[in-house]
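Read from first to last, the chains carry the letters A, B and C; within each, the first residue is number 1.
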């Protein structure tokens, strides 16, 4: 069973592909909605600006396809910006609408604490809020690689599965809402922990 | 990179820190030519002044020794020890940082020199640590003597500081004699710590702490603090007298007819029988230079003799084609025991260090792309 | 708690791994077993006088195949097209250099397309004497009179994510970072900062974390780049109470 990897030419797909290769997981690069036919699991990576990314997704009608697959119980994992666009909206570069697959919004880390140095970049730990198979075999407070200036907020606390503390302030670093998962960090750049998380995602049983 | 050879000696430009001028002559050869123009009478005068000063300060010295001579028992350091004591009337303390794998030839020669009437200290660090470090750097850097290098640099200096001896006479300044980078003009005369760290070892022994090796274990390899070195005068003997390893050998042989050369007649990997004979691991050490840079022990010996005028380049090339890169089999068992390694593992590590710029693999065979 | 980072920097001269001294290629390193598991990040810089972009891209591809930590790539990057290629070949971040002084629009272009977290801007400085430091450009060849804080702030405004303070004088010295200067500057820069130039002993890295606000210590010393060395360094830092990923 192949896992789809959305590729909209917005950055480094190579790392994710290498990671999946190392895990012996079959991936299918999806550049359009046609590519996404028959996909049972989907990874949505993203780097860059929210606005730009949403524009690209909409131009290729990939947004509608992602939502459709989600309704069909396809497991979805959003990574970094791919995680952020799952939400309703972002305040980056003004107001931009997201995919609204999960309730909540995206705003600068400085709105949590104006003293925070941005971007938040480096290795930081994830503290579990709830147990979730996505983090199977990964100890609590494990380190992952983060690089972002924006974070998700004002969402249902029930979907939060991990919290990360940055300079005294907490933000949500991972969510799970039915079949929709999202992580703020980069599992493909997080060595053993990240590879394990990707493996877990690929082995999740369908809902 | 275009690989080329020095037009005078046999060194390729793959040698770390070698510099070729626009006429394709290496800095070692240029330095050798410069040696012909040096006013050696003047240099000897400088040396005599240093000796005079040492003798003058004897009464105020904490130690009865006038100087430290880092001494392996080989022809170079022995020639210095003999000259300092018997020609210039100094009382040197010979300091040896033990070879990794002692051999009979080295031990015999050292005893023969000591029997002439010298005080000598042998520093033999914890062999478990020495073996572990040698193995580690053989694997990581293709050089089993990294830690030993650190040791021969620090041991004489540490002894000098401990015994209150202010002068050390090293042999030659490797960077200028054999092709390398000289950090400053003075470093041809006085040993520059920066060069030692940057070029020889490239790293600090303190960094080698690991699960099984503690900071205390590394003490014999650690260089003293720079501020402590200010009291020391560390000279290169080769600055004051025209240096030639072959002439050193002839000198020692004359003074000590019993001085042993390689009992097998010819050292593996080269045509000589008188150089670097005290450590069984040396065959592997020089072989690794061949693997990493494409020049072996033979190239090295031939280049030095070409520079000192004792060998023609043509003959040198003949020797190179015959002996360079000869596989080190003579002492292999002892080396494998010391490194606690299997023959298969050793060959695997050797192959891992082959520089792909100069080696080509055809099935199970390796071919050196460099051709002089 | 955000951890401090130890970043290995590899400098390539015409496709060969080289050691640098005061920004000049010093001598080539032998082929070491570059170990990629315990490092926090990797930085690959092309220090060749005449850049062969294609050759350098092949190096990036080689490393990214087996590297599951972020890779930063740089060395004479001039335009958005080159940036694109680097990302396509496996880079996660771009290191911009003197080009940003000449062409400040490049930062905004890259930041807009890839986000500010994709850019590390190198600020090369040289100690003139105990009181003055100058910003260098053109691979440490030309002195300028630009004020360092003003420059860093303008970079941040244009969209730079992190700033690398690169010490030309200390490069390759193994004598330690310039703590006094880095302490003073890192306090005033509003984005995360990295330091490169002078790392020799693990103590040097410890000092940088204890005495300055620098978040990542970079070392170009190839001998630090083995599993044993990295673990040794990290254990040493952890023993001395530095929050670091082990």
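Here is the rule we use: a residue touches a chain if its C-beta (ideal position, glycine included) is under 8 Å from a C-beta of that chain, and two chains touch if they have at least 3 such contacts.
Owing to the predicted nature of the structure, the values given are computational and were not obtained by experimental measurement.
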Arrangement of touching chains [line / ring / star / complete / other]: line
Distance-to-centre winner among chains (Cα means, whole assembly as reference): C
Mean-CA-position distance for chain C and chain B (Å): 35
Interchain centroid distance [CA atoms averaged], chain A/chain B, Å: 57
Cα-centroid distance, chain A relative to chain C, in whole angstrom: 28
Residues of chain B that touch chain C when the two form their complex: 1, 14, 16-17, 136, 139-142, 181, 194, 197-199, 202-204, 206-210, 292-293, 352-357
Chain B partner contacts - residues on chain C that touch it in the complex: 14-16, 19, 21, 26-28, 30-33, 172-174, 200-203, 221-224, 226, 228-229, 231-233, 235-236
Touching residues (chain side chain C, partner chain A) in the complex: 1-5, 37, 40, 64-70, 87-93, 112-118, 161-162, 190-192, 215-216, 245
Partner chain C, residues of chain A touching it in the complex: 10-12, 14-15, 18-19, 22, 47-49, 52, 81, 117-125, 143, 145-149, 165-167, 186, 188-191, 194-195
